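Per-chain residue numbering starts at 1, and chain names A, B, C and D are given in the order in which the chains are listed.
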Amino acid sequence: MSSRSYTLTGRYAETDAQGVVHHANYLTWFEEGRSEFLRQVGMNYSGFEEAGFFVIVAHAEVDYRAPAFYEDRITVTTNLSKARRRVLEFTYRAVNQDGQLLAEGRTVHVVIGRDRRPTSLPREWLERFKTT
Amino acid sequence: MSSRSYTLTGRYAETDAQGVVHHANYLTWFEEGRSEFLRQVGMNYSGFEEAGFFVIVAHAEVDYRAPAFYEDRITVTTNLSKARRRVLEFTYRAVNQDGQLLAEGRTVHVVIGRDRRPTSLPREWLERFKTT
Amino acid sequence: MSSRSYTLTGRYAETDAQGVVHHANYLTWFEEGRSEFLRQVGMNYSGFEEAGFFVIVAHAEVDYRAPAFYEDRITVTTNLSKARRRVLEFTYRAVNQDGQLLAEGRTVHVVIGRDRRPTSLPREWLERFKTT
Amino acid sequence: MSSRSYTLTGRYAETDAQGVVHHANYLTWFEEGRSEFLRQVGMNYSGFEEAGFFVIVAHAEVDYRAPAFYEDRITVTTNLSKARRRVLEFTYRAVNQDGQLLAEGRTVHVVIGRDRRPTSLPREWLERFKTT
């Protein structure tokens, strides 16, 4: 289970009155890290929901190391650290254009169906994660 | 068709690096103005969607007059300026705790069904808007 | 160090395609919990920044227990769990109008000055936290 | 004054309970369109603020033509439609990966200084806009 990266540009709307990116946006950046991870292994998250599998967030944590600024080029590296049929866990690192570590994070997810009750991902999907 | 008001407190997350509330948030404040308008006339928007009517935004415009700051107490007054079965139009004014005008706006909405195709609101609902 | 509460209404803009409040918004709700805590003890955070003290987020974590929906009335209770001159820690609980627990969280903060370097809050401020 | 384009991917956090991108996000996408326009003509907006020129939003309007979805690839084309020393005007078009028009918009900006009072952009900057 290798990691995948994508790069974004800090948006003006993401800054706050301290002149830096507001801390809540890292959860959104990490979410796009998951999206990008899945796209890069050929399993778009859109397809999950079309198939009736909703991956919800059960836990999220972020350690903030250094501020991000408007127009910074930030690379988010996402690692699928645990893949079970009912639980997924991802870890994240965000670094800026100078290689400076901005934040590290971890999210834990559970899988629910259209009825909002817990369910399991197809076994083949899990295999696919493991071989990528 | 009288107007309805509600008051909010400027959130830190709503500010940007200019130290003022980011301009996109006014669309959210106006949206909550519509929500509050509907709640105050006894027709929660949640009920619209449960009944299969989705009121989408076709046009939005804002004139920004003065900046809003974190912790400002802002009163948004919402007026239903046009109410047809397929089209609703609202106008808005936002003022701060000193009575200073911050922004004025207008949004135009069309009604769609679960199939995302245009539909009409029930005639009785329109009557209700007109008598409140 | 008692706790303080405030109540908000779930905004439409805070929902996502799963039909529930997007998980990143809880960090904003908790931030407003901190703001409200400080206002209720008579020490607005605006005053901190005017005096040159910036309280930044070093760590944040959230456990999500149940979803929040548009128009839910959500009460956030904020507790100042640690108050040192250089480090503050808050814990949070969010419950809905039915008393159902939605989320619990914790944030750790450090104090920096206008130069973005670590500094200490005035000793009197700490005393004030402790006696409220 | 030619136009400039950039492409973004619709974020999950940008969707709302209607399953489409929430209308307020278009203002953010247009803002990044302006940022990208300036970067592409070699005049980063970061540099404006460092030089003491703050370009604020005086008016914004959006016509919404079709919904955007999570994972859509959206191209925003930004055109500098008016460039005076005290007033800038931009227009925008957002289209999806199928070439479908999603939204058109217009924003009007005024220039202020660090003291938040109106000021004028340097004449050379205007020349630079006109020759790109």
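In this text, a residue touches a chain if its C-beta (ideal position, glycine included) is under 8 Å from a C-beta of that chain, and two chains touch if they have at least 3 such contacts.
What you are looking at is a predicted structure, and each value in this text was computed from that prediction instead of being measured.
A.B. asks: Check every other chain and keep only those touching both chain A and chain C; list them.
C.D. replies: Both chain A and chain C are touched by B, D, going by the contact rule given at the top.
A.B. asks: Specify, for the interface formed by the sequence copies chain B and chain C, whether it is same or different in terms of residue numbers shared by both sides, with half as the dividing line.
C.D. replies: Both copies, chain B as well as chain C, present the same residues to each other, with over half of the numbers appearing on both sides.
A.B. asks: Any idea whether C-D or B-D has more C-beta pairs in contact?
C.D. replies: B-D
A.B. asks: Turning chain A onto chain B with a C-alpha fit: angle in degrees, nearest 5?
C.D. replies: Angle of rotation between the two copies: 180 degrees.
A.B. asks: What chain is the most remote from chain A, judged by the mean position of CA atoms in each chain?
C.D. replies: Greatest centre separation from chain A goes to chain B.
A.B. asks: How big is the gap, in whole Å, between where the Cα atoms of chain C centre and where those of chain D centre?
C.D. replies: Roughly 32 Å separates the two chain centres.
A.B. asks: If you average the CA atoms of chain B and of chain C, how far apart do the two points sit, in angstrom?
C.D. replies: 27
A.B. asks: With centres defined as the mean C-alpha position, give me the chain B-chain D separation in Å.
C.D. replies: 23
A.B. asks: Which residue numbers or ranges of chain D touch two or more of the other chains?
C.D. replies: Residues 12-13, 17, 24, 27-28, 31, 70 of chain D touch two or more partner chains.
A.B. asks: For chain C, which residues count as touching chain D in their complex?
C.D. replies: 12-13, 15-17, 19-20, 22, 24, 70
A.B. asks: Can you name the residues of chain A that touch chain D in the complex?
C.D. replies: 9, 11-13, 27-28, 31-32, 35, 39, 44-46, 69-71
A.B. asks: Going by the contact rule at the top, pick out the chain C residues touching chain A in the complex.
C.D. replies: Counting only chain C, the residues touching chain A are 17-18, 23-25, 27-28, 31, 49, 54, 56-64, 67, 116.
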